[in-house]
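Across the two complexes that follow, chain A remains constant while its partner is chain B and subsequently chain C.
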Partner chain A sequence: ESADAQKTAFLLRKAWTLYSVTPLYGFRRARLRDYARLLSAFIAAERQRGLAVEVGVELDIKVALSSLADLRGSQLDQAALLVQLSSRSRASSRNSEDKLVWSGWFCSVFGDDLSENVPEHFTCLPLFLTHGAESYTSLVGSWFQKTFDCCFRRLAISPLNLSWMVAMWAGCKLDRPASAVELVFSVPRLSQPLDISYAIHPEDAQALWDTVQKTPGEITQEEVDVFMDCLYAHFHRHFKIHLSAAKLVKVSTAVAAAHCDGIVKIEHSQYLPGVLMLLTELAISQIQ
Partner chain B sequence: HIATSLPLPSERDHLRPRIDLIVFMIDIKSKYSLKNVETSLAHVDASFFLGKVCFLVTGVGRVNACSIDTNAVCKLGETYCSPVLFCELELEGVRAATAQRLVRMLQISAGHIPGVSALSFVSLMRKSNDD
Partner chain C sequence: MDETVAEYIRRTVLKIPRNEIKTILEKWGFLSEAQLQTLNFHQIKDNISQEVVHLCEENSAGIKQAAALDIIYNHIYQNKRMWSVYQMKKSGEEVEYFDITEFKKKFKGRLRSALKNVTITFKEYEDNAIWIRVAWGTPHKKPNQYKPSYVVYHSQTPYVFISASVLKSNLPLLCQALIVASNYHDIREMELRSHSLNSLKDIVFKRYSQNFPTYTRKPPQGGNVEPGNADIRIVQENRSEKERIHRLNQEAFGSGPQPKLEFAQYRLETMFKSDPKMDVLDKKEPFRCLVKFSSPHLLESLKSLAPAGMADAPLSPLLTCIPHKARNYFKIREKKGLLPEGFVSP
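On to the complex of A and B.
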């Protein structure tokens, strides 16, 4: 079990930017080394053309592609694909270490809705997560788009989906002390933008969710509504502000945090499959 | 006449003309607007639900800012036997088209169109597989 934890440790406690990706055409697992070489050449060529990523620094970008066999929901899912860009300064000595400058990974966790309807030669990995400079993201994205005829789109998360996330994750029991549950709202139509941050003690949030949820393991829209309404009512009682009229932009729990611009941070490996399953679902609904 | 919630203040009851159509506006970005509409519905006389009520859901152009479950709104329409219209007020074309639809519905509800009564809205809402 600790070997699994080591493999997935890289994705914890980092802010990942989310994208939805349409199925890849003609992708072959056996050719990962070739793809790495081609992507590396593409990046070098683009930088030659003057699309300099870092001005004034001589860097060689090395590309590594690997499969993460365990990062999937079921055997029906494709194994996750990890892309890593590392740099080694040309000026430094030969035994200097490579520095990881950008990582991105494609995954599918219980993405059957998409993969069962897809014709041959297509590989479904609808969720793409990136960490690192936007310029590298667009280089990698362009290469994948050209090579596999796929399409990337930023994955935005609506307030409705954020409220699902906070309800689900606030109710998760963790084996170590949890941090506060925080909701951030942005108030529209004011002359100066106003952000309201509402922090709840994790035990209170869990206790509330326990009284709301009827069947463990199942969550309904009604239960999420009741949970959120309780939080809104409590806030209104104290501050006379209707949070339900504001826009929920960010939620943060001990399990994970999510922002409406499509940025997610997973704190805990314990609920990783659940979080990825939800994100995969969001990516698929954006594609369809 | 525009009101932020119901019931309307009783002081002006005697000055108020007959009400032919009530349009409940729900902003898809505001859960509060849905709650407000739900509580206001309780103050509407039952006779209005025979074609003189409709729900207008605004802001549907921005799917990513959605704070309301649209299934809940459709269910509301079914519960109160009233049509649910979706629109995006920020788009001029849609705004104009929606206004025209509402005026048309108002003409029918006010009895200005001979041969068509407000009760037809209720029968138009029945889904074809119900028959």
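On to the complex of A and C.
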């Protein structure tokens, strides 16, 4: 249990930028070390060409690729693939620690919808999550695109999907005290833009969801709509504002937080598979 | 000149945008016209500030002069700070003649009797505002010049605007010194905070155009709600609805420019009420929420919600009451009793 927790600890409490990725052609697990070498050379060459990522300091970028066998939904999923970029200042001694400057990982959690329809030689890892400078993401993405003929796209999260997330996660029972359930709305097209943060005490949000959800383990669109309508109605009663007409841009719960620009932060390992499954689903629907 | 004073002056000058440095130094008046002429304002700020420190050394600048420069900077860039509003209370009705010298003496006296290491600086401005800068030390340490508190007091009013330093423990002492110096007997913090000091003043001094709830004059026939809007798709019903919303907005917000606030926060502890058909939550306890509205200009933003179709007109009094209740932090509880449901804001 704790060994698992250790392996996935790096995922938690970090803001990950999300992408959908089309299947990789000709990817071979056995060649991870080769790939790391090639990616490293590519990055060095691009930086020489003047695509400098860090101005001033002389840095060597080291690339590490590894498989995370446990990070998947079922055996039908490919194991997750982790890419890490570390830097070591040329000026420092040989014993100095490498500093992790960028991480990205590909994964598939219950992504059978995609993988069952895919021809041979293709590897399905539709969800790509990155943390670190955009310039590194660009470099890594370019190399993967060139090498495996795949396509990356930023994964936007619609208000509809955000409301699914907040309803689902608000209902999760946690073994430690929870933080508030927060919905952030934006009303941009006014003379002066307006942001509205609507935060509900986690116990009260959970109590509301418990009375809305009829079948445990199952969530329907209707239930999510009722939950959201309740929140909108309570808000309207006080402020006379139609929150449903505003744009839901961010939701935040003790389980995870998600932003419409495709940024996710997972707080708790307890519901990790569920969160990743939902994100895999979103990635797949963006690809198809 | 003291090393720490030199460094403080250097850092203060660095904060100033390059094209404003000359003006601010002139306002400060510590360097002579001839000295200012020798400064090259077209070099990088690092060099300018070094040269300024050099000149200050020639004039033997001390902490008093450095503090004076800091007050001037903060008066001009007052909107960079967060201001809270405090209201003082008098015990009697006597109108006393305000003596600025007495005020300063009592203020300094009260602070210094409690805390030996403080730097206190005053500056009076034309609008009857007295600016006070206090840098706080401890019995064993010299005052920290980088974390001062600022107080703005208009002597003809019971209001004090405070931008406290992060060292919040000094706030009670500061408040005490204020009431002692101004002959009031009590002071309380209002639930009103903003970066815009002028807007806070507008609100508490009632300097904005207010609404008149009993004002029932109808707008002139065919009154132009949106001048120049000749869209023929707008039929009479839409037009009268638009006019109705406009009129209600005017009644609620007044017709002049709104004071500039950046946020309003509501702690809701009211019951959750739903349509019985929906068969949802029916607890006897409050549905606890925290709602925060933010905008570069909150009141203008709220005013535009109904015309944009985002809100009903009239807008909720919870929002429209912000300027005349002079608060932007609220705690809302359910009103008990036989009256139709309403909200109580303590």
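Observations, loosely collected:
What we mean here is this: the second predicted complex is superposed on the first by the 287 of 288 C-alpha atoms of A that agree within 3 Å, B and C clash if a C-alpha of one lies under 4 Å from a C-alpha of the other, contacts with A are read in each partner's own complex, and residues count from 1 in each chain.
Rule of thumb we're sticking to: contacts are C-beta pairs under 8 Å (C-beta built on N, C-alpha and C of every residue); 3 or more make two chains touch, one makes a residue touch a chain.
Because the structure is a prediction, the values reported are computed rather than measured.
Superposition of the two structures on chain A shows chain C fitting alongside chain B with no clash.
Shared-chain residue A:P159: touches chain B; no touch with chain C. Of the two partner chains, chain C is the only one that A:Q192 touches; chain B does not reach it. In the superposition on chain A, contact of A:H242 is made with both chain B and chain C. Once the two complexes are overlaid on the shared chain, A:D204 sits against chain C while remaining clear of chain B. Judged by the touch definition given at the top, the superposed model places A:G73 against neither chain B nor chain C.
With chain A as the common frame, chain A serves as the apex of an angle whose CA-centre rays point to chain B and chain C; its value is 80 degrees, to a multiple of 10.
Taking chain A as the reference chain, the count of touched residues is higher for C when chain B and chain C are set side by side. Once the two complexes are overlaid on the shared chain, A:G132 sits clear of chain B and of chain C alike. Applying the stated contact rule after C-alpha superposition, one finds that A:M228 touches chain B and leaves chain C untouched. When the two complexes are laid on top of each other via chain A, the two nearest Cα atoms from chain B and chain C are 6 angstrom apart. The interface of chain A with chain B overlaps its interface with chain C at residues 242, 245.
Interface of chain A with chain C (complex): residues 180, 187, 189-201, 204, 207-208, 211-212, 226, 229-230, 233-235, 237-242, 245-246. Put simply, chain A touches chain B in their complex at residues 156-160, 163, 188, 221, 225, 228, 232, 242, 244-245, 247-248, 260.
Chain B contributes residues 29-33, 35, 63-69, 71-72 to its touches with chain A in the complex. Touching chain A in their complex are the following residues of chain C: 266, 268, 270, 272-275, 278-283, 287-298, 300-302, 304-305, 308-312, 314-316, 318-319, 332, 343.
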